[in-house]
Amino acid sequence: MVLKIFFPQCCNRADSGLLVGRWISGHDSAVVLAVIHYPFIPGQVKQYIQQMQAQSGVELSVLGSWSLPKEGQEGMESFLRDLSTIFPQERWLQIKRQMGKTGFTCEILNRDQSGKAAQQDSIKKKKKVKIEEDYQHDDSDNKKQQEKKKEKIEEDDQHDDSDNKKKQEKKKEEEEGEEEEKVIFVHYEQRKVMLSQLHPIENGVPDPKTEPPSELRQVFQTVARSQPLFFLDRYDDGPLKSTHWQSEGREASIIMELLKQASVPLCLLISWLLSVWTWICNVRIFSLYPLRFLSSKLSTCVQLSYRTEHLRTLSSAKPATGHTEFMRKSNILVSFLIDVALGLLLISWLYRDDHIRMLANTLVPAADHVAKELEELLQWLMGAPAGLKMNRALDQVLGRFFLYHIHLWISYIHLMSPFIEGILWYGGLSACLGLTFALSLLSDMVALLTFHIYCFYVYGARLYCLKIYGLSSLWRLFRGKKWNVLRQRVDSCSYDLDQLFIGTLLFTILLFLLPTTALYYLVFTLLRLGVVLFQGILHLSVDFINSFPLFAMGLRICRSYRLGGISHFHIVHHTIFVQQMSFKVTLKQRRSSTISFCLQCIKLHREVNVL
Amino acid sequence: MGQRRRSAVKAPSSPSVSAAGEVARVPHKKHKICMVSDFFYPNMGGVESHIYQLSQCLIEKGHKVVIATHAYGRRKGVRYLTNGLKVYYLPLQVMYNQSTSTTVFHSLPLLRCVFVREGITVVHAHSSFSAMAHDALFHAKTMGLNTVFTDHSLFGFADVSSVLTNKLLTVSLCDTNHIVCVSYTSKENTVLRAALNPEIVSVIPNAVDPTDFTPDPSQRQDDTITIVVISRLVYRKGTDLLGGIIPELCLKHPDLHFLIGGEGPKRIVLEEVREKYQLHDRVRLLGALEHKDVRGVLVQGHIFLNTSLTEAFCMAIVEGASCGLQVVSTRVGGIPEVLPDDLITLCEPTVRSLCAGLETVIAKQRSGSVPSPASIHAKVRNLYTWRNVAERTEKVYDRVAGEEVLPLDRRLQRLRTHCGPVAGSIFALFAVMDFLFVLLLQWLVPDRFMDMAVDATGPQGLWRQEKSRKDSAIN
Amino acid sequence: MEDETYTDINGKAISLDCQSHSGLCREFTVSSAKVSIGKVMVYTCSVWLFAYAVFFFTQNTAVLSCAILITLVGMMFHIHFVKVDHESLLVIGSLGIQVSSSYASGRETTTFIEMSRIKDIVINEAIYMHQIIYYLCVLLKDPSEPNAVSSVVPLFQNSKPRLNCLVKVYKSCQEILSKC
Amino acid sequence: MGPDGAPGPSVPWQKVLWERQPFPDNYVDQRFLEELRRNEGIRQYRYWTVVKEAGFVGQQLSCVAIFISLWLYMEQGLLSPETLLWSSLVCALLGYGLYQSLSSQVESGCEPRTRLADLQSAAIFLSFTFGFSPVLKTLTESVSTDTVYAMSAIMLLAHLVSFPYTHPSPPGSLSLNAALFASVCLASRLPGALHTFAMLSCALMVFALWPCLLQRVRDIAPTHFTGVCLGVCVGGVGGLGLQSPGGAVLLALALGSVTLLCPLLLVRLQRHKDNIQGPWDEAEIHEDLDHGRGT
């Protein structure tokens, strides 16, 4: 297997010292977390690591030594080798770099000092069993077949060349280029990995029943969980000095801390209010049937309960566990704030030079106008609309019926016209709870104001449905068929004479009356559709405000790595060093497989799903 | 990474050598055959298994065989079956029970792609019910390939629909090089329908795999007599006759049991009979059977009953006989040719005659004067084998491969003269359009831009090499 | 390395570039033909001529501006979402495979597949429009059942190379995969 | 080209598959197609029997004609609804008596309907028709006359086409319904509700009851049957003739072609029939295998 060393970029130029990190079991790869510089007292180091381990729950250890000799400082091979005896390890890494050289040199000493201890080749040569797809059973993946075939094509060059333990990357490359390396350096940006909620750290230990998470995931967890390690800094004076991402400036800011402190009592307050509110809601009266039904229909109530739910989640005392939860909370918070802000804007517009009165004064005439339009429509229908042949009698009946409704409606409007302004005024106040409230209130009002249209629609639809049903069954009779309920199919059946006669009579009548009802149904459905569309738009906007992942958007734009999803590798030459020490020569050097490592943000829709 | 290793182990030493070995082993020429039919696995039936078994035997003989059929549900694209039998499930619209709709042209691009990239030399279409097969014949002629057609079914001349279908068959077979029928009756029928020269029509019967259908008397209950019926429950298979037979016999013989395997629209008839005469314990409807389960059902019975109203070549009775059952069948179509008279009792397709036949067989069964299942199996086992079928089909291919394909003008003439003035000229027009379409396609996607497919079977077949290598490894 | 010339399934020339960073890490870049200025010109001119014809009959200047807008937007859309400049496949032994395709505008989409989820890389046949083509694909497996193929990730989807190119890529991928 | 390989004439070729014979697969024996048979079981019609059978069609046609002419009479007020009602009542009673007498002669199959049941259904007919006739009256007034005529014409045609000429005794539902639909359409064009009522009851008689009676007649007394058919045809032509001579001529032509010309053609064309049969034909089932389905 190949040894992979995940090396923090920030330690590229750290002074020589000890590599603190973790061996990831199973994948044989090492994560370097920090470098502890000389001079140190091994006892303290051990003790320090012990306590770090206790705090973070990551089995930290001293991986090996890191040497970046300053000019004039001579290599300390023997000394480093001796260190391995002080910190007993399964394997002991010795990573070193010469100033100006862009490559790394990595030696691996096994426990027994034999540097040539062969990486016992763990690859068993298994005989390949040919999976025979038989005619009977489904041969779903023919890729297997393909694969086999292709492997015939490729000629056999799969010999393992002698595993060489030691690997001086660059030099070896220059000397025997074709020989394969056994060490991969993966440079990662510790800060970003640290801060990215790439992987829900399932609070503490990963539950054992799921299989151990994949390698990268483990690496990320290690880095993310070994936070306490990063408190000790190169600059503060202590027995130990170390290098890691925080030596490049802290991430946390004072304000965030303060906010965190302040939010606690606020949460308590909110939760108390919520408890009161829920107590009110649970009073017996509200759980009576009509009220509950009403509240389930009124979008204001729905919105209210929705908000309550939000606030409850927000004000829950315990901190967010896991990435998704955190995202959800913050999204809710941001959307809530935005909502309230918009609501306040609306209020400030409403109550300036009383727009409310203007609204009220326009509202009643509007309703009247609508009613008049409807009346005209009905008159038109009662004539010969669009030259359609309608049955006059039925037409008259239906028309009168609906006209009477409209009449009722208008009187109702006029009855409540004086109060409309007041209603609007108080309704406007609801906007201070947020724009969504105002909108849902508006939609409710619309629903109430267009109740007659709803009634028309219901009557028309019911009539039409009955008629269609009757016609279909009579048409079956007309053809001498009948619907067999048991077998769920149409059987042929011989009717009696009188059945046939009456059936045909009814069929004829219904058929001739169909156009009339169909027309009424059509017209009122269209009307209803208009209303529904309007309400739909309102609800859409409300839902948009409620559940638009603004926070996620913001993060995606400014701190994209916080939502890190899939990691993105790309090969770099050692231009980092080239820039800094301006070596023209190194530009022409062959690239070695140093991989720097940064994160790529995930698609937005994932956040939307989260909510 | 296990399979990496395995690949390393199994990588071929060098293809050329083994290919040479192939050539040395099988002397005479190999064909690259493309079987085209709408009916193939996962669909189940006589045609399907015919195509499959035939291809397997041809592969054994060192030919290259690919199969083109239409997509079945999620089963689209290219699949491999046993011994690297490659199946193209082309996404063509299915119209009526698994037969694709044909607008003569729309299947051309894909079929052309298959023919070209597989380097096909002979196109073998199956079943006159399959529109895809007819299209393939048409396009193959346009692309200058030799064609063979196997007809699995019989047709009447009475009604209008059959008149139309016969006309179509005439057109589509008029420049097919050779036609294969499964029985002499079927040959006569086909020759009459398609107005063919009887000498380009060969009779090659179907076959059954005798090893799949071995008798097992221990499965029978000896205190009762069981009649097994295995067929799709449709009108053509005479399910109504069966519905007439069951009550009569069951009332006469209290120890008679019926074991009916198969599914279909006429199942309701049998269920009604069962309800009406209270025969739930004696008439068992097993529903649709997997091909591998058939033997298990057959061996439970003493008598195999086939009530088909028309059959080209009834495989079911051969299977029944091969399992050592007494076969009673209607005398229709090619059935009289299939089994010698000592193995089968033929009756007229009426309830009365069938009942009489069954009565005699039951009587014989009771008196124990029937030959033992093993002896029947011994007689049947060598009658029809797929190897034999494959050899005879190979002859047909050898003969066809020699023939030259008519150029367009002669083809048009032939169509005009052979299929009458109206249909002839219409289809001549089609042929011209097809030709132009092929030219267009060759301009759009020239043959040189198509990757030749990697042979799994055939002379340089990789699977064959792999197998031979395995054998060598074993020895 | 790029000695032999490759074409895609429609016979257009493409170039395959294999960079071997080390024994364990290789990068294959299939880059298809650039956006040809001539074609852009032709399209633009045709649109504008049409617009001018319309303008000539209906003396409406909005047509022209709209045509210009359309061409611009169309071009942007094309190079940003449609035209793929090159697709690259980065195989890092024992770590994973990274598939990235970069559009003509420089937009780059990347996916990384960890080695633990990769079952194999194979060449497969598929029906594409009215042709049957070979394509290279990564077989993924669920860690739960290691020898079942859970899903398939086709590679080089936009520039569809022909078999010879695929075989080349396939072989060197297998080399790397076989080492770990 | 000949069949490849030399046929070994030593053994005779036999039409079996179970043994390999020394012939090539595409060998064509002289016994090829010997089982081919032409036109077997073809029945030769005799002209007058066919004409007699066709008589039923003719009389149904003229029944429709009679109905239409009645309607014409009523529309022009030449015929008052009362007279129509009374006459149809009388006809109904006569027909019923005849029916009963015929049925009493031959006791056919299942038990005959009781008088009570007949009375009951008659009551249902009358009450419903009477109740609905005002509605039916207003039903189609907004629909243009041409539409109504077209509809009723189509429906009457459908009635004629779908009429079960072999067993009319339980009238086929589609044909009866079509006829009733047409009569409703026509009746709604009449001046008054009573007209509608009369028209409908008359339609009921002509289209529903008359075929049953005629069926009985055909079963019991075939000789009278032809006479009855003839009478109906003459009546139809005459009735229509008083109203519109052109229509009468057309009807007469139609009747002639249906009853005389078509049978002639059938008998003539019979000899040109060429039908191939052979062992490949699908055997058809002759026994009646109806296992009381739908019980």
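All chains are identified by letter, namely A, B, C and D, in their written order; residue positions are counted from 1 within each chain.
Throughout what follows, contacts are C-beta pairs under 8 Å (C-beta built on N, C-alpha and C of every residue); 3 or more make two chains touch, one makes a residue touch a chain.
Being a predicted model, the structure only gives us computed values, none of them experimental.
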Larger contact count among B-C and B-D belongs to B-D
Farthest chain from chain C, going by the mean of C-alpha atoms per chain?
D
Chain centres from averaged Cα atoms put chain A and chain D apart, in whole Å, by 72
Interchain centroid distance [CA atoms averaged], chain B/chain D, Å:
46
Where does chain A touch two or more other chains at once, residue-wise?
142, 146-147, 151, 153-154, 158
Per-residue multi-chain contacts in chain C, two or more chains:
120, 125, 174, 178, 180
Counting only residues that touch at least 2 other chains, which ones in chain D make the list?
none
Within the complex, which stretch of chain C touches chain A?
21-25, 27, 90, 92-96, 98, 100, 110-112, 114-117, 120, 122-125, 137, 139, 143-144, 149, 152, 167, 170-171, 174-175, 178-180
The chain A residues in contact with chain D across the complex are 384, 389-393, 477-480, 491, 494-498, 500-505, 507-509, 512-513
Spell out the residues on chain C that touch chain B in their complex, using ranges where they run on.
7, 9-11, 120, 125-127, 130-134, 162-163, 174, 177-178, 180
Quick check: in the complex, which residue numbers of chain D touch chain B?
1-4, 15-18, 24-26, 28, 32-33, 35-36, 275-287, 289, 291-293, 295
If we count contacts the way the header does, which residues on chain B are in touch with chain D in the complex?
154-158, 178, 183-186, 188-189, 191-192, 198-205, 236, 238, 240-241, 243-244, 247, 268-269, 272-273, 276, 309-310, 313, 330, 332-334, 336-340, 349-352, 383-384, 392, 395-396, 399
